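In what follows, chain A forms one complex with chain B and a second complex with chain C.
And then the complex of A and B:
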């Protein structure tokens, strides 16, 4: 059964800068693109790297280890060496709190 | 300086019939061979396409003593790269076989694709204000060393040299014809055995070009008094450089009922009490246009194609130093083998390999030569059997294939010397 967890305040999440947090022991990377906030599992599917240490560009996060790209909105791989998606979690804003469902 | 190390005049006679034993134990000559032969204008056998059928499949192997990985790329093609990280030289791939779409060096996690192109390096852009790679860093300038790769009938070869002629031309029409005999339909890889020998790799080359020893060294046949009726010998080299060759023992009157000859032979012992309990080890199910019990075909410098009865092998010869080599026997069958035929192939695998009934003495013999000659570099071998009848091809009592090998070797080692010295 999934639940919503408050993981950050909306104002903490800036454009172009990933935000590292966690819920229930699960590491999360939060991103802001325009008005929307997205949450990805904070581990690259290719190796031992935090996506929250990555670089945001054109709707993708570039992994700091091998520069593979992942689409922030869906978690889908966008370039080698990443071939597997990372989990993207549903996000909602409740009274300025960012909540993630997992 | 190079010419001092390898003086063809002194080491190998022009007709290949005399070879100074130094070529088997000199470190300098060994090092020169790595440059002039294994990294020179030859195609080195890496493995079978059937070993890496799926995208991302890889096998770790060698060209000479340089570690090399062969892969099946995303577009279904073949690639091979030197297993030495473009960063600071670590071996990138540490497994014998596997499947991966990217290869990461464990030392600093540089990541390469199946073709050996650099995908990315950790902290290229630094981290949190700390600097990364300099701005002029271009990943495409730091790929792994990629080799030319070609395959012939499912046999995969690589070359370091841009000068090497295309693979088909390198193999030549005559030798290509014999390869097609064995690789006449799709094969399946069954597995491999590996063995080390404490002797020089060229002693093994001599051995697989030496029909003279066959009935003399190997005791299996004499112990069980297995003589063969209606066999015809065939020995031949390639038409270009003489470094490839074939030895075949061909069965005559092929239309006679299959196996009848064999049964009539009544396998019995030379000495009382020695008898094969199960003579199916020597069965021969006829499956080729030309029926032969033996087909031994070295394709210089790293491959020996072998068909002995119904066991099929691509042997890979890998030098490991002046006095060491490794032999990898890649056993295979045909994709359309019946279960019975497949079982027989695997049973007959006992004939060859490290403990093979008719091959275990080969590396023992090469080691005897190594030990016998190590202190006598200037002394020479005597390779003259049937020299006055060099045109004969239908005999096993000959050393002409070995002479041809040494002449080709001499040219290869000498030719480059002229180029390098100029």
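And then the complex of A and C:
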């Protein structure tokens, strides 16, 4: 069964800067693009890198280790070496709190 | 764009990193014909960087390091034959002849045969003396390390340093013998060599620079290395990491132009129409180096292969990605881009944390030519971006 977890305050998530947090022991990277907030599992599907240490560009996060690109909204791979998706979690805002469902 | 009839066969010789990316890209870019990947190793294509890191430290290859799996072969309908060494290519009949006697006819052919570890003069591999190129090399070396107390590493380049770091992490005493005056001299300026030297010494490695080796010998379960000054070192295992030689003999024998690597243009085209090369084995016109260059890096194998596959399908693309490589040692991530070895002036980013580093290298005329960062991806990225875009007027403000 999934549940919603409050993981950050909305004002903490800035454009272009990933935000590292966690819920239930699951590491999460939060992103803000054009007003919307997205949450990805905070581990690159290619290796031992935190996506929250990555770089935001054109709707993707670039991995800090080998420059693979992942679509922030869906977790889909966008460039080599990344071939497997990263889990993207549903996000909602309740009274300024960012909640993630997992 | 040209048409690719589905009855055509594209054969890829070498099921390594570049070969795997050519196969995958041909399919993802719409090639409907037969793709045949031929590999000499018993394993499907994998990434080599974890060999000197994870495998030598006793870990397994992570699932993501396997570039070809049964699922991918099914999904992309790629045919792969392992334990299959290509013996000869006949460009007149467009045939690939394998050692097992099988013959394949190709419409287009890709050489991704990579490179092999160079053996020092008088050095024979054995159960105590190793080079490191394949997963099987790494697995055998890891096993030997688990029973050893002392290792001697010949060569202070990236592979030698990573082997030394992994051996130290397993508690071995390690000596590095480097013939030159500093570490990794071909790829980085002195300030980086010094940083590497300090890291290894701080972690208990003994480094001998200007080490001229006279001979190697195995005696009573030990390897002995004798230097030209008559000093002698004993060890349980010996590892040579003195560079690689491109596996271009197959292409040369077929009549394709080679010169320490298969000669290709920025689209991977060799001297023979319909035949391409990519990865460690290819010597290409590198706009960053300004001369025909062979690059032995993970990023080159991946990016060049992707461009060459697209170009072979008629896409208008050229390989002009900025040189970039990394190394991991003692838990630190080192990233290098451009041609830092051409730098004459060193600037340091004072903004990175105490243990991290970020250097920008400028040439005689003050233009940015390369950058190196240690655990500082955020400081490194703008430099990499500037170089890739050709913005080499470097704003030195804020740098020391």
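Observations on the structure shown:
Just so it is clear, the second predicted complex is superposed on the first by the 102 of 102 C-alpha atoms of A that agree within 3 Å, B and C clash if a C-alpha of one lies under 4 Å from a C-alpha of the other, contacts with A are read in each partner's own complex, and residues count from 1 in each chain.
What we mean here is this: a contact is a pair of C-beta atoms (placed from the backbone, for glycine too) under 8 Å apart; a residue touches a chain by one contact, two chains touch by 3 or more.
Note that this is a predicted model, so its numbers are computed, not measured.
When both complexes are superposed on chain A, chain B and chain C occupy overlapping space and clash.
Once chain A of one complex is fitted onto chain A of the other, the partner contacts of A:84 are limited to chain C, with no touch recorded for chain B.
Of the two partner chains placed by the overlay, chain B and chain C both lie in contact with A:64. Applying the stated contact rule after C-alpha superposition, one finds that A:17 touches neither chain B nor chain C. In the superposed pair of complexes, A:53 makes contact with chain B and with chain C alike.
Of the two partner chains, chain C is the only one touched by A:45; chain B is not.
Only one segment of chain C in 165-173, 291-299 or 309-317 runs into chain B in the superposed model, and that segment is 291-299. On chain A, the patch touched by chain B and the patch touched by chain C overlap at residues 46-47, 53, 55, 64-67, 80-81, 83. The residues of chain A lying in touch with chain B in their complex are 46-47, 49, 53, 55, 63-68, 80-81, 83.
Those residues of chain B lying in contact with chain A across their complex are 101-102, 104, 109-111, 113, 119-125, 127-128. The residues of chain C lying in touch with chain A in their complex are 21, 47, 62, 64, 298-299, 302-303, 306, 324, 326, 333, 377-378, 381. Partner chain C is touched in their complex by these residues of chain A: 45-47, 53, 55, 64-67, 80-81, 83-84.
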